[in-house]
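So, here come the structures, one by one.
You will see two complexes here that share chain A, one where it goes with chain B and one where it goes with chain C.
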Partner chain A sequence: MSDILTRIAADTPLILPEIILVIGATVVLFGAFFARRNTRLIAALTLVTLVAAAIALFGVPLGKTGFFGLYRSDGFSLLFKVIVLWVGILVVFISMDYLEARGYEAAEFFALLLYSIVGMFFMASANDLLTIFISLELMAISVYVMVGYFKDNELSNEASFKYFILGAFSSGFFIFGASLIYGAVGTTRIDLLADKIPFLSGGIGVFATIGVLFMLVALGFKTALFPFHQWAPDAYEGAPTPVTAFMSVAPKAAAFAIFLRVFVYAFGNVRYDWVPILSVIAIMTMIWGNFTAIRQENIKRMLAYSSIAHAGYMSLGIIAGTPMAIKSMILYLVAYSFMNIGAFAIVIILSRKDGYGEKINDFNGLAHTNPLLAAIMLVFMLSLAGIPPTIGFFGKFYLFGAAINSGLYLLVTVALATSVASLYYYFRVVKAMYLGDMPAKRTVSLTLSEKVTVFLTAFGTLVVGIYPTPLFEFIKTTFLR
Partner chain B sequence: MNNVLGFPILTLVTFLPTLGAVLIALFLKKEQSKAIKYSAFAVAFIDFLVSVPLWFYYSPGTWKMQFQEAHDWIPSLGVKYAVGIDGISLLLILLTTLLGFIAILSSFKAIKEREKEYYVLLLLLQTGMMGVFVAEDFFLFYVFWEVMLVPMYFLIGVWGGPRKLYAAIKFFLYTLAGSVLMLVAILALYFYNHQVTGVWTFNIQAYHQLAPYIAANAGKTFQYLITLAFFIGFAIKVPMFPFHTWLPDAHVEAPTAGSVILAGVLLKMGTYGFIRFLLPILPDATKVFLPYFVFLAIVGIIYGALVALVQKDMKKLVAYSSVSHLGLCMLGVFALNPNGINGAIIQMINHGVSTGALFLIVGIVYERKHTRMISEYGGLSKIMPIYAVIFMLMTLSSIGLPGLNGFIGEFTILAGAFQAKPIWAIIATSGMVLGAAYMLWLYQRVMFNKVSDENVELNKKGILSDLNGREIAYFMPLVIAAFWIGLYPKPFFKILEKPVNHLVEQVQPDFFKREQVKFDLNKVKPVVHEGGEEEHE
Partner chain C sequence: MEALVSFFSHYMLYILMGLTLLTAVGVVYSKNAVHSVVALLLTMILVAGIYLMLDAEFIAAVQLLVYAGGIIVLFVFMLLLVALHKDEAQRLFNTYTVVSLGLVAFLVIVLAVVFFGMPFGPEPATVTNIVKGGSTEAVAGTLYSTYILPFEIASILLLVVMVGAIVLTKERVKS
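And now, the complex of A and B:
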């Protein structure tokens, strides 16, 4: 017994960032009592927690497996955690004023945000199907509540409910699949699964195959791949916009982390069984996401379909499965975090309490009233469409390059063809801003935190787009550690 | 690394317009209309002046890249900021800088709203185009190729005609679709090169050197797919039939300067792509598809000319004439011999000069009367004599009258095509005849006949007036260029000689040997020896 405790104690430094986050989240939650109306204080506490977690994160030893093989700390998980933290910080910035202006409590919101980040941290490091499941639930339940956070708003409630039902359903798929695999193989450890799965005998192999398929369905739900994407547009549209921004990047990144862990590492030796299925799913996702986005009038809904499409691109990395492809997926997620959060930040800045600012037409003439903001939005739209010199171009370039290197010509051709189509709907926003009719003059003033967000994301999108070497090197060296 | 000038002249020429654009964007207010115009013009003109030394310091004795610069950009991918030019790019760069300042000068009156954005975008566009011609790294090339689409989108979309929104997005989507196909091809070559040589590089020369290996060892399907991807990518840009449908829309809706740049430079990027990438990197696969490519080129010549013949709108007529002229350029390229390719490059320059000028000519009357319908004019030569002279010159240049530039290009191309396969030249010649028909008929309808009372009235009011000093000023360089190439093309051929011969050797390694033998057998002193210029003297 004491032996177990000493081993747990010895492994504790591995999860120091998570511990900090949990403590911080709890403090923030209790902020509901001591700082009820002080959004700024709560936000500051959240930021401090996130920064402390970031500092702790870089002190964590890498290349170690702890907690009896349930938890793995490596360069891969570190990179995903960095993305999640970065997105978390940006979301704190964009939600402060949004919440305050609409009169909602900040404490619970930020606490949920931190709890969900804890879940994502564990997801990135999980080395066991059960750890994955529990961390997935921790993340998902927090996000369900965040989606429905505007309790007086019908759309928000509906979105939360839909997301919850489908999310719970997919979690069921996941745990059922995991149990089938456990039954067939006798372990839930990722590293052990990789060795054992290919040597299953015929009959048991069928159960394991069904298990793999179930998990594919579950992770397809979590990353919103076709045909498991239906929850996404409603949830994205109904959720408070900062939550939409958050859930379009961070939970998706974490879900891709477990997708990679489970499929590339654990099921890597049977990849020829699931690659064809995932390839079809990826093709359909890219086509469906991009072509449905064209019709949308609501910008949040459009960005929702766009994020479905981007998930389709990213699944190319899973299909390729090479270290290069995984690195390129991480790079893509970084790129996506810059440009997508940036785009949402601008939607948030323009939106008003009555829902104005969520239609693409509401962007009409923005170039006349706020030229700088319009120019920045243009950069984000170019980046999302993958036009150089933006970070989105490098993301696509590296990702599709890795896929071509693995011989996925058809998938890359579809990806590129659909990304050409995507230009059309991104440029509907540009068209509205620059070529649309002038609306009545309206002034948009930015608060400090909004300025910071817009600056950080635009700076990242452009500067990394022109000189991506430092980011490339960081990902490369960290990944190898 | 060889740069006789000792300072990074190509970087300077490429990024000077961007620098100017940034300064204008930051320091000039949008009310300072005059300052914006003149400083944009100054930037473009200085850029032209900076590019002129390239002509004098270029040494035509080698096909190798000159004025090179190289810096690491993304070392882990082997991406470099590498620029350098040979004779082919040199001529296109000079054409770009020339048309660059002419386009700005021609917009002073035509553009009345959002002037600041307009000039900033024109300058940014210039950087994009220049970058395409100087890039020695595939990645860099692709970046410039794509970047350039954005300012063009806005130029058409904001300052265009009634259907500008449709035309702008159509232009963007078409070219983007082509360029992503090209990207797939580039990436496939990149990984193939790494497999073979173990080096990560996007250096274009490295791919040129790899070409024989690809032809001998790479799978046929691989070669064919890459060839087709490149072909479609560049053919959309040229545009070759049947990928040309974006062009009439974009041209008709674009503002005059936009059309000038579009016809003068942007289309050349496609032909340049063929010459720089498709032919030298995939010569064997290209030869497999050659009959189809040539067929499309010839269809383009005839089709473009026939459609131009029936146009009622002057600008649309000139736009379709571009399809025809570019078809001829492509025929020259696909002749795969020195005459054909020399002619194609000269014709690219000619087309930039004469069609650029024709768009300006259409722009002049449009600016005055706000219509481009041919039927609205007639007899203009009586009220606008200087205009009539320049219009005549450019018409003749466009239809290839000896003594003017068009003749040199067309003749050389047809000579090359004849050398390759006589039937090509024979069919293509009928396109020339049609060309003369639609251009002269246009001139006749606009310039001769009776001048309508309305136009006389407008002329009296000073609206439909003859060219003013500024307008004459921006036509002059084009007129001079037309005469220069028409009367003394030797320097141009001299500059092209080595690079083009090298290209022909890459595509047809035994070409010169074969020619030598042929002439020896017939005991004829070789007419075509190393370059193509002798026969024009």
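And now, the complex of A and C:
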């Protein structure tokens, strides 16, 4: 018994960042008592927690497996955790004033944000289907509540409900698939699954295949790939805009982390069973996401379909499955976090209480009233479309390059063709800003936190786009450890 | 008496299984929703009995607590909230019956193919209490050692669920 306790105690340093996040989240939650009206104090506490977790994260020993093999700390998980923390910090900046202006309590909001980040941390590191499932639920339930946080808003309620029902459904698929795999293989550990799955015989193999398919459906739901994407536009449109920004990047990144962990590592030896299916799904996702985005009038819906399309591009990394492709996919996620959060930040800055700023037409003439803001939005749109000299170009360049190296010519052709189509809807926003009729003058003033967010994202998008080497080197060296 | 005990010890499992099937059919074919719920409750209790016969007393207890206790209560609440008597006039056998019969037949065939394709080892001589100290102790031992991490994450999950339920249902205080 004491042997077990010493083993658990010895492994505890591995989850130090998660422990800091849980403590910070609980302190922020208690902010509902001592700082009910003080949004800034609570936001500051949240930022302190995130920064402390980031410092602890870089002190965690890498390449270790702990907690009886259920937790794996490696460069792969570290990179995903860095992305999630970075998105978390940006979202705190953009949601502060948004919540304050609408008179919603900040304590529960930021506590749920931190709890969902804890879930994502465990998702990135989990080395076991059961741990993945529990941490997936921790992340998902926090995000369901955040989507429905604006209780007076019917759209927010509807979005939360739809997201909850479909999310619960997909979690059911996940756990059912995991139980079939456990029944067939006798373990839920990722590393043991990878060794044992190829040696299953006849009838048991059928069960395992059904399990793999179920998990493909569940993770397709979580990452909003084609036939399982229907929840995304409604949830993205109805959610409070900072939550939309958050859920379009962070939960997606964490879901891709488990997608990679389960499919590339655990089912990597039977990849010819699922690669054709995922390839068809990826092609349909890229086509559907890009061509449906063209028709949207609401910019949040448009960005939702664009995020479905980006998930389609990113699934190329899973299909290729090589270390190079996984690194490129992580780079793509970093790029996506910069440009997508930036674009949503501009939507938030434009939208005030009356819901103005959520239509593409609301961007008419922005270049005349706010030339700088319009120029920054132009940069984000160029980056999302993948045009140099922005980070989005390098993301696409390396991802598609890695896919070509793995021989995925058809998929890359479709990805390139649909990227061209995506220019159309991104440039609708640009056209509205630069060529649209100037409406009645609306003054747009930025608060300090909004300035910080826009600066950080625009700076990242441009600087990495012009001089990308340090970021590449960081991803490369961290991934190897 | 001897014969009776011997009969039950051999065939109790099959009796329970048969009764479970009967009550499950009752869930589907009773026209009154309340009867369906009662039949479902009986099904759950009988399944717990099957678990007991298979020496899995922990799962049997959880089955009783969660399904017979929790889920059935939810069903009863649903009956209070939804007007179900409208459907009573509907015929039980309609076009869907044919479709579902076809699907069930397909499923049975697939399962049979898988079952008979399985490489079973030699038949086990007797199934006795496999785990020393009973399954409850075994579950507890595993839960608090190997699976301590997901167990701890589950505690945070429960906290989030409680906070979330309060956030979404509490009346909003205008500031």
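By definition in this document, the second predicted complex is superposed on the first by the 481 of 481 C-alpha atoms of A that agree within 3 Å, B and C clash if a C-alpha of one lies under 4 Å from a C-alpha of the other, contacts with A are read in each partner's own complex, and residues count from 1 in each chain.
Keep this in mind: a contact is a pair of C-beta atoms (placed from the backbone, for glycine too) under 8 Å apart; a residue touches a chain by one contact, two chains touch by 3 or more.
Only a predicted model underlies this, so the values are computations on that prediction, with no experimental measurement involved.
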Combined model on chain A where chain B meets chain C, clash or fit: fit
For A:379, is the partner it touches chain B (first), chain C (second), both, or none of the two (neither)? neither
Please indicate which partner A:142 is in contact with in the superposed arrangement: first for chain B, second for chain C, both, or neither. second
Taking the superposition on A as described, I'd like to know which of chain B and chain C A:341 touches: first, second, both or neither. neither
With the two complexes overlaid on chain A, check the angle at chain A between chain B and chain C, Cα centres, nearest 10°. 140
Regarding the shared-chain residue A:468, is it in contact with chain B (first), chain C (second), both, or neither? first
Counting only touches as set out at the top, which of chain B and chain C does A:67 meet: first, second, both, neither? second
See if chain A has more residues touched by chain B or by chain C, and give me that chain. C
With the two complexes superposed on chain A, say which partner A:417 touches: chain B (first), chain C (second), both, or neither. first
Where does A:112 make contact in the superposed view: on chain B (first), on chain C (second), on both, or on neither? second
Classify the contacts of A:429 with the two partner chains as first (chain B alone), second (chain C alone), both, or neither. neither
After the two structures are laid over each other on chain A, how near do the C-alpha atoms of chain B and chain C get, in Å? 38
Footprint intersection on chain A (chain B / chain C) at none
Give every residue of chain A touching chain B within the complex, in rising order. 382, 387-389, 393, 397-398, 400-401, 404-405, 409, 412-413, 416-417, 419-421, 423-424, 427, 431, 434-435, 467-469, 472-473, 476
Can you tell me which positions in chain C touch chain A when the two form their complex? 113-119, 144-150, 153-154, 156-157, 159-161, 163-164, 167-168, 172, 174-175
State the interface residues of chain B toward chain A in the complex, per the touch definition above. 72-77, 142-143, 146-147, 149-150, 153-154, 157-158, 164-165, 168-169, 172-173, 176-177, 180-181, 183-184, 187-188, 190-191, 225
Could you pull out which chain A residues touch chain C in their complex? 4, 8, 15, 22, 29, 37, 67-68, 70-71, 103, 108, 111-112, 115, 118-119, 122, 128, 130-131, 133-135, 137-138, 141-142, 144-145, 148-149, 151-152, 160, 201-204, 206-207
